[in-house]
Each structure stands twice: as structure tokens, then as C-alpha cells.
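Dropping a structure here in C-alpha cells format, bear with me for questions.
For reference, chains read A, B, C and D in written order, and residue numbers begin at 1 within each chain.
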Amino acid sequence: MRQEIITLNEERNVTLTAYLQEVEGEFGFARRPAMVVIPGGGYSMCSDREADPVADAYLREGYQAFVLRYSVGEFKTWPNPMEDYEQAMAMIEDRSEEWHIDKGRINIVGFSAGGHLSACAATLAEHKPAAAVLVYPAIEEEIVDMCQPGMPYPYREVTKDTSPCFLAACRDDRTVDIKSTLLMETALNENGIAFESHIYSYGGHGFSTGEDWVVTNSLSERVKDWVPDSIGWLSELQGKLTYKGFTEPTIEPSMNADGAPVLSLNCTVIHLRKQKGEAETLLAPLFEGINKVAEERGYEPETLYYAIRNNTGREILEMIQVDQDTIKALDSALHKLVNVKLPQEEKSNEKAGI
Amino acid sequence: MRQEIITLNEERNVTLTAYLQEVEGEFGFARRPAMVVIPGGGYSMCSDREADPVADAYLREGYQAFVLRYSVGEFKTWPNPMEDYEQAMAMIEDRSEEWHIDKGRINIVGFSAGGHLSACAATLAEHKPAAAVLVYPAIEEEIVDMCQPGMPYPYREVTKDTSPCFLAACRDDRTVDIKSTLLMETALNENGIAFESHIYSYGGHGFSTGEDWVVTNSLSERVKDWVPDSIGWLSELQGKLTYKGFTEPTIEPSMNADGAPVLSLNCTVIHLRKQKGEAETLLAPLFEGINKVAEERGYEPETLYYAIRNNTGREILEMIQVDQDTIKALDSALHKLVNVKLPQEEKSNEKAGI
Amino acid sequence: MRQEIITLNEERNVTLTAYLQEVEGEFGFARRPAMVVIPGGGYSMCSDREADPVADAYLREGYQAFVLRYSVGEFKTWPNPMEDYEQAMAMIEDRSEEWHIDKGRINIVGFSAGGHLSACAATLAEHKPAAAVLVYPAIEEEIVDMCQPGMPYPYREVTKDTSPCFLAACRDDRTVDIKSTLLMETALNENGIAFESHIYSYGGHGFSTGEDWVVTNSLSERVKDWVPDSIGWLSELQGKLTYKGFTEPTIEPSMNADGAPVLSLNCTVIHLRKQKGEAETLLAPLFEGINKVAEERGYEPETLYYAIRNNTGREILEMIQVDQDTIKALDSALHKLVNVKLPQEEKSNEKAGI
Amino acid sequence: MRQEIITLNEERNVTLTAYLQEVEGEFGFARRPAMVVIPGGGYSMCSDREADPVADAYLREGYQAFVLRYSVGEFKTWPNPMEDYEQAMAMIEDRSEEWHIDKGRINIVGFSAGGHLSACAATLAEHKPAAAVLVYPAIEEEIVDMCQPGMPYPYREVTKDTSPCFLAACRDDRTVDIKSTLLMETALNENGIAFESHIYSYGGHGFSTGEDWVVTNSLSERVKDWVPDSIGWLSELQGKLTYKGFTEPTIEPSMNADGAPVLSLNCTVIHLRKQKGEAETLLAPLFEGINKVAEERGYEPETLYYAIRNNTGREILEMIQVDQDTIKALDSALHKLVNVKLPQEEKSNEKAGI
């Protein structure tokens, strides 16, 4: 491992510290994922407790790790911190070959004010992160304005282009009320963005990784789980780094494939039901199966269709115990058909992140 | 362990199955905590996958476990299921001595429609549970009405008297949109009710305990953590059962003690600052410490006071590194003073669960 | 779940308590694995703390669970306890269809004196368990004789037909010195029997599952890991119970396949090197690869061959980075060839459990 | 964090890489524990897979981490590697103030051949480590001689002065047979040295931390537990680093206090029973309690005394449910009495590490 400290802006005292691990040789891969740590401190400082100890945690899982010390104190005026972020991400992208980084797997983790900056990055930045981990982030109007007026309220900026987010906070946070986290969850859900969220019983504000040597207050023993859980989530989204390179991702970022270019069993029942022509023929057994269930259980078919309208075709076929080979064959056949987007779906598709 | 199956309502086919473990003898305690499992099934059935496997999980942690099979199908008309619940809880309370149960530690865990019933119990029941674990619960209007019109929407019923809640769901739940969970979280937070919440990346609906032998669909490996996490949360709230009886709880259900009969360092800064007389004298060193920090870091004192207004006195003293003995002595002295509730606080106290 | 208490021997007060879970219906499998719990108590009693709490732990993982209360006190004379065991196992096998148990997956877990009985069962019984979990077992002469003279010392009875064993104990056990566990490990290793073993820093004797409500003394927080670890180990050995039945096992009980009826890449290098004819031709690239490594790294070939003699062909091909398709093709080709057992190997094969 | 690479011996290409974390400032402590990583490679190389990834794991837990690249290949002749070790440890001790290291908490972790070097360090070095973590170490004659003849067989060198050891290996290690680990366990137990040991079902040789990005072969999912388990064990032995410094240790390195300068309830029953004078008077209630148990349960007293002879007084008092205050008072009173070592105990004390 080697360390590099890069001054991004001398006047504003902005630095990027890189911790870079080896590839190839005894390791069977050429690129690693990256994690950029963005400490908190109310935009008046960058906390050491939310810097290196966090970088250590991702290094240990194989990441190239960075700590961004952005503009704070007298230099905090927005959009200075955001400019620092963009500059750091541009540099990491530019030097990704030299630094053995997979460009599609550059992630960020931010705390408190750094969580605000990270949430702005996930929603508004030119260089969006592959995913953002937001730990007790400042999101809603009151707390953001208390840091300094004039900055964005990230929950209002969430769109279908926002990066996937992982959220962690404690219910008894008396510094940044978890209303911030709750508004962000809701905005992500409404826009169909992949996310995971953990709100722990107690632990207050500023717990960083939650390790005994880092944390200054008493806290639930579950709080420190956010670190391995965030790493597990990133592995699901982006594949896991193994000796032979990355595994396949296991999460679909979108809730369904209604907006994809071709049809598939990841489309919703409501969407599949509207298909005509060859698709209609292929899907006939699916709808016969549903009708049969309705009959057996004494439901009005339309009541059942309404209840399962947002389920994917695949989910329904698995529920009615169709074997995997048949499911696979049907899915492959659908992949050959163009997915005609139907005008009346526009609205209901919003949530699907299309 | 012995099993007892009690018919609560023969006509409606309502039963309570009890799994009862020993006390005393080789065990050094006389009472156990209890967990009542309330399975889901859209009020049309009670799922076996959400019954015994869940009871097993709490038995293993020392709980007396129950499965409530409530009115479903033709008998589901509200408030039948709620009546069944009240009847079951009344019986458990009545027989708590015979069944070696601590009356103050009778909890419930409900799934989907059973999560709806559990959330109604936590908000509206006469026999409120000590705590409620809500797993992919049906909470908001659309999904509740789909089960059957005329039932309460639990998030609207949350008050300062609601039981503490633990929530678990998957972000890709296409059967019960997690909007249900998000609305419940928000209502709990606004009413100052102790809660914990986990929204996992993927796992759909109906995963029960998430164990391989119980779950029918693919899911994140973190989903099954809700079981031990709920048990950890209950131990924090109610103390942990040990060989020698229960330990002390570690969570304060309220966010602060502004509404308690006597003063303490668990009151907020804003509340403590308004105290007069002896309290004012005792608290002088606290406010001097805050003023000194403001001076050192170049803040306007009132800006700092605003930022920390919801923090407790204890949190601030710990942040400014006052030693624990001094903190303890000050807290004891405050305990001797009546806490005069100040009229202008009424509104801002709502969140504090007072 | 239902409970059945069977008196196996009225005079000696021997009982088998069965905790039986459902299959089929909402569950997609027809058979479950079984675990028979054999409590300790120095052959003078059967400890309640090592009975139901242990059964609970395996129930929760999908097992059918049993508690065997065997002959103790005035009835403890050997081989009474062993007869009780044989009778219990015979009954479980006989009723495996009625009780929805997979006959090939009937396991035992024993504690202290019950660990002695379990180790005798794993080595000497007619009805050997599929696997035995031995928790602070009494194994060596001094402690066995202290319970009662005339019983077997199980480590001396280990042969290539012994059941796989999982061992757990604490280093500071002052009641049954861990010499017992160490002798058993050594005997299992020498006989090529699959095992896993955990000796924890501290926790004394009699910790049972190690849960707070069961354990009476202070202990390392790792001690309670033996329960999930034993379940993980059983899943590796016997496949894991899932909604659709058992997965494939992942552990080879034998260290290698030198004694199998056909050749494969799971045979050792020393064994493969002695093959003639078609096998020799097929294996030529393996040996060329090894020779090349020796040349590159400056080893005498025979030195290298000696160092890797007990490694399997597969391990070596993976080390020299041959791709999985080539490995698979070679292994399939070898499977078509009879494995001629070579007389001079007899001795060195002992460890291989052949 | 900063990195320093120190050349210890230019000719032999020996280096010590230091990864040094901050203290004080935002952290409430001045000293950290240290971990020196000693990679394997059969004394022909130092494996990168067993170097930085291991250092990362301990850094993340608050340790100052070092990687020692010792004499290998043409320079491997014993005692060169041991000299390198002594030189590295001497430097770390010398610079402990500059490097913010607690001198009493300098530990080592070694793999394979590095595990051999670490075991030699734990038994024979001038600068013994506070504790040694030995991962698939080469210990017994055959494998040590295969690396190079003339090196010590560490299990033969274990004495009462050996450092506490943590052992981890896989049962199916075909490169270094686990006989090495078993002999070391046995030697540690016979000499009364504190240890913990984990032998996992499968994972072969060379798994390093067991993380997916480090390990090249298939392995049990439990294998990677050795890393956090070793850290937990070190915290028990040496106290855990917290924000306010180290907690108290929870393991007694010795099995009992029979050899301590003053008496205590951590002495064994056999030792306490031999005490005369004031001690005899103080201990009378203990022996009355034991006699009463013997009477109640129908044991010959001497049989019971023999069975519990190695238990500590404290264990027995807890078993017979004497309250903690009484135990504490008795222990304090005993602390005031000189512990007269009785000649006839010499032999039986060997195991106690006295």
C-alpha cells in the first residue's frame, strides 16, 4: 500500500489523500473499487474521527480509499465544497488506470455535513458517484440552513438520475434530527432509486464507524454494523471483488424493467398485460396461471390483477411454482421483442426509475 | 418446554398456541419475557411460514412464545381480528404467573397483514404490547383498503402513547410498497416514540425470518439480521434475560427528560436554560462551558445555543470532556429539584414524547 | 410444531422428547435433518440447562429436535447409557417417515458426560450418528474413570469409520481438562475423519449454548459462536435445508479420493503420479506444469514433488492457474478410469480415511 | 495515517513497513497497540497476500501495523530470519514513544513459514511478543525440515515463559498438516500458557485473511472469522482500545493463582485446602459449603474434592451460589496473606504456568 497526499486547492486548504493498494502479481485482478471518504464537521472543520478510521474499513475490504478534506470555515461558501468534490472525482477518474481503479465503481461515504455534500453529489453533481453512503447526513431545510444558508436541500433534488444511496443514522440524534434521513428515504423511494436504510435505536450523532476507539458516546451495539452492511450492499450493487475480479451484481437498481428497450419477465404484470402480438402469445400461460389462482381462491380476477399489478412477471411465475427452465425460456423469448412504451404508463412509471 | 393450544373463538377458528419453557430449578430466574407471533396472509389466511419458525427464533433467546391465529377469510371483518388480539393479550396477562411471564415484557411481532394488526395493537389497543416488531407491515391507505375497507391506517393513529416499534422491510417489496414503512417511521419520529428501522436492499415480500428453509425468493443476506437485531433492540428497551434475571435497560424510550417530574441532565439545553433559582446556580458551570466553547471557536453564543438546543445537558458535558464524577454529582443534585413545566414549551415538547 | 414424550425405559427413567415441525404445505420439502441432544451431568443427572435450550437452537434452523434423558445415577452402569442411545436412534430411524426426517441426516450433540456418550456413539455404536457435536466432552482416562470406571476412552476408539465430529471447549476448563478435546482432535486427524474444532479463551465448563440466560459463569463472547458454527458445519457436510430441499454438501469428508473406485483430480499428486496407461497420458500436462514451476523457481523437481505430495491434483492445477474448463474436462476423463489401488500405498493412505 | 519503509538489512533485503495512525487531538488516547505481520512463503519468498491485507485488518481496529519482510531465499539460513525479527522488535520498542505504541502490547501474526518464525519468537526470542497469532503455522519436524533443516521445532520449545498464542488452521491443509497445530496446542496446554485455537472444516493452506479478494481457493465461510476472533482475543488479554484508553483485561493468562505472591480465590481448591492459620479460618465457610453439597448429593467428600481439585475457589463459591459481595470480601481478606508455596505442589503446578 502506498499513500499520496494531493493538494487540490492550496488557498482553500483542500486535499485528497489516497491510500493505494497493489493489483496483479499475487492478486488475480487489475482493478479495484474506490471509496472516497468525506468527513463531517458542520462545514467548520473536517473531523479526523470520520476520516482515516473510515478509509481503513474500506481498505480492508479491498477498496482504494481516499479522504477528501474540502473547503470549510472561512472557505465554506457554497458551491466551494461541491467544486472540491467535482475536482477530486475528476482526478480519480483521470488517474483511474494509474491507480488501478474501476471507473464504474467510484463510491463516496459522507458524515453529517459531509453527508450533506455527499447527498448533493449523488443528486446534483456532474461526476456522480456510483453509489453514496450517507451517515447521519444533514438533508432538510432547518439543519442545512443552520450550517449555512444558500445550500441545496438534497431530498428535494432527488430524480430518477440520482445515485443509489445507503443511509445510516440513530433515532436519538439530537444534533441532526433523523427527519433528514426520513425525507431522503421517501424521496429515493418515490423516484425508484435503489437504496438501503438503517435507523438504529440509540447512538446519537458523530459515531463514525462506531468502533470503541473512535466513538465518544454510548451507543447500541448494532450501530457499527453499518460498515460491513454498506460493504455488502455495494457488493450486491456492483459485484464483489474476488481474487479473479468482480462477481455479477445481485440487485436490480430499478424496481422493474418496464422502461427497458426490450421486454423481459422483470416487467410488471400491469405492463406485460398491455402487450400485443407475439408478446401476448408468449405470455398467455402466465395469465392463464393467474386466472387459475383467482378461480381456486375465489377472487375476482380483476381484484387479483390489481393486487399484483406491481409485481414482476418473474415473481408471479415463481409464486405459482413454474419451474426455472420454463421461466428462463420465456424470459429469453421476451428479450427478442422491442418494449413499446405505452403513453398511458408515463405517470405510473415514475417510481420505476425509468 | 411444553405446548398448549387454546381455542379463543371456536366459531371464527381463532387459536392461541403457547410454547412454554421452564423457570427456576437449574435456571436462576422466575419470569421470562413473552413474544406473540401474528402471521400474515392478507387477512385471508394465517401463513405457517410466519408462525412457528418465528416462535422458534424467540424461544431460542429465552422468550415464552405464542402464535395467534386470528379471524381471517369470511371472519375477517374489522374489528374481529383486533378483538382476537385483545382476548389473547388479556389471557396472557391473566395467566402470566402460571406461565412464568413478566407482565411488563409481553411483546408482539407481526408480518404483512399481521403487521397491520400489530401496528393497530401498538397504537389503538387496550392491551398495548410492551413493544411491537413490524415486518413488511401494511400501513398506508391503499394497501390497507385492498385487504378490506374500513380498517384503521395505523400511521395516522400514532400518539405519544404508542408502543415502541421495530420495523423491517425490503426496498423492492412490490406487494406492500415500503411507503407503508416510511409513513410509520415518520409518525413514530414525530411523536417521539422509541423505534428502530431497517430497510434492506432486496428480498421482496413474505421473507418471514429470512432463513433458507423458510424463504421462497432470493434476498439480500442482510435480511435475516432483523431477527437477532429485533432481539437486541428488545434487550436494550426491556433489559436482557440472564441467568440471574433481567439486566437494566439501556435505551431511554423518550428523547429527553424535559417532561419528567424532576430535573436531570437528560433534559435538553433549551429546557435547562430556562430554569431559575437553585437549578440556575447548579447549571452555571454548564453554560460557562458552552460560552467558552463559543468564544474559542468564534461562534456567536446564540448561534451555538440554537445548534445544540435539543441536545441533553449530559451530551454537552461529555462533549466538553467534563469528568463522569462531576456529571454524576450534578445530575444527582438536579434530581432533587421539581421540574417546572414551562407553558411556552408545550409545542416543542411534542416530539419528546412527553 | 408438536411435542411427543416417549418413555424408552420406565425402570431406568429413560425418555426421548421429540419436537417435531411441519413439512410440505407451505414448505417446499418433505424431510428435515434431525438433532438429538444428549445433556451432561457427570452421569449423575441430565442437566436441564443442556437440554431444551439446545433443542431450541436447532429447531430454529429447521431441524427436528430430540432430547435424550439417559440412564444416570443408580442406573448409570455402562453400557446402560449406550443401550439407551441405541434404542433412541433405532426409534428415530424407524419412525423417520412419520416424523419427516431424512435418515441420512440424524445427528447428535452432547455435553460433558453427554459428550462422552456422544463420542462413544460416534466411534462404537451400531447406530452411528451422521455427525456428532461434542461440547466440553469427557474423553481421556482420568476424567472418564472419575465418572465411573469401566467406560471406553473414546479417543482410543477412533477408526476410519468414526462419524465426523465438531468439537468445542474452553481452554480454562478446570472440570474437564481440554486434554480430552486435544486427544480427540489428534485421533480424528490421524484417522482422516472430517472434523472442526474450537477451543475458546475462557468460559470454564458447563456453558451450554453460552446464551446469557443459560450460562452461570463469565465467558468469552466468542463461546456462543459454537452453536451457529456447528450448524454451518453440518450444512457443509450434509447440505443445507432450503425451501426446495437440501443443497449439495461442500466438504469432502475424506482428505482425498485416493481410495475411490475411479480416478479423479481429488486424488493426491503422489497417487496420480503412480498411474500408468491412459491415466498417465491424460495427466501429462499436470506434471509438465509442475516441472515448469520447479524450473522457474529453481527447485529440484523431486523436492517440489515431495512438498506437494499430499496436495490433490485439483489444488495444484488451480495454483498454476489452469482454467476451470480444462480442469473440469480432465476430471471427467479421469472419472472413466478405474482407480487401481497400489499395495505400497496402504500405509500412507491411513490418514486419508480410505 | 502515514507510512514509513525502513530497511533493516540492505544485503539480505529485510524491510519493516510501518503504518502509523494518529493519537490525541480528536482521539482521547496517547498509545495504540501494535501488530507486526510476518508473511509466509516457505522461507523462499514473503507473500504479498499475507502482508498488507493483514495489516489493513488490524489498522481498522486501531492498531499500529507493521509488515516484516525477513530473510528468505538465498538468505534464509537460520538464524537470519530470527535476527531480523529481533531487530524489528527492538526498533519498535525503541521508537514506541515516537510511534505512539504501548510497549506492553506489541503483538505478532505469522502465516505458514512466517507462523514458524512467529512461534519461534513466542518461545525462544529475546524480544517476545505480548501475544502471537499463528495461522497455519509450520511447527513439527517434517514440515520444518522441508523448509530447511536446522531450524527449531517450536512445540518442543514451549515453556512457562512462552507468549500467549492464538491458532488458526484448516483441517484439510495438505501443505502443512494440522499435526503442527495440534502439537502446538498440546504443548501450550501442558505448560499452562493462555491460548485459543480454531481448526476449520476446509480451506486448505494459504487463505490469509480469508477475504474473497485475497483467497484463491474455496473455503468454509467460517475461516475468515479468525481475524475478528483474534482481535477479540487480544482485547480480552490486553484490554480493548477505546476512546478513553484501554479497558481492563478479562482473561487471566494463568489457569489459577496458586503461584502468586498472595492468596486469592483464584487459587485452586487443592491449594486453598492446604493453607494453615488465618487462611484456614477465612476459608472455613468454603469447605463447609463443599461438605454440605457432598452430603446433599450423596458423594464421599474426598471424591468430590478430587473432582473439583483444579477448580478455583471463586468457581466453587459461584456454583454454590454464594453472593458476589461475600465472595469479594473473602477475596480481599485473602489478598492480605502471603501465599506460601508448598514443596509438594511443584509438579502439579507445572500446568498452572507458575
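The criterion applied here is as follows: contacts are C-beta pairs under 8 Å (C-beta built on N, C-alpha and C of every residue); 3 or more make two chains touch, one makes a residue touch a chain.
Keep in mind the model is a prediction, meaning the values are calculated, not measured.
J.: In contact with chain B and with chain C at once: which chains are those? Just list them.
T.: none
J.: Listed by label, which chains are in contact with chain A and with chain D?
T.: Chains touching both chain A and chain D: none.
J.: What whole-number Å value describes the gap between the mean CA coordinates of chain A and chain B?
T.: About 28 Å, centre to centre.
J.: Taking each chain's centre as its mean C-alpha position, how far apart are chain B and chain D in Å?
T.: The answer is 42 Å.
J.: In chain B, what residues contact two or more other chains?
T.: Answer for chain B, listing residues that touch two or more other chains: 216.
J.: Quick one: which bits of chain D touch chain A in the complex? Just the residue numbers, please.
T.: 1-3, 19, 21-22, 25-29, 47-49, 52-53, 55-57, 59-62, 211-216, 240-243
J.: Which part of chain D faces chain C closely enough to touch in the complex?
T.: 42, 44, 146, 171-172, 174-175, 177-179, 182, 185-186, 189, 194-202, 204, 216-218, 220-222, 225, 229, 232-233, 236-237, 250-252, 255-256, 268, 297, 306-308, 310-312, 315, 318-319
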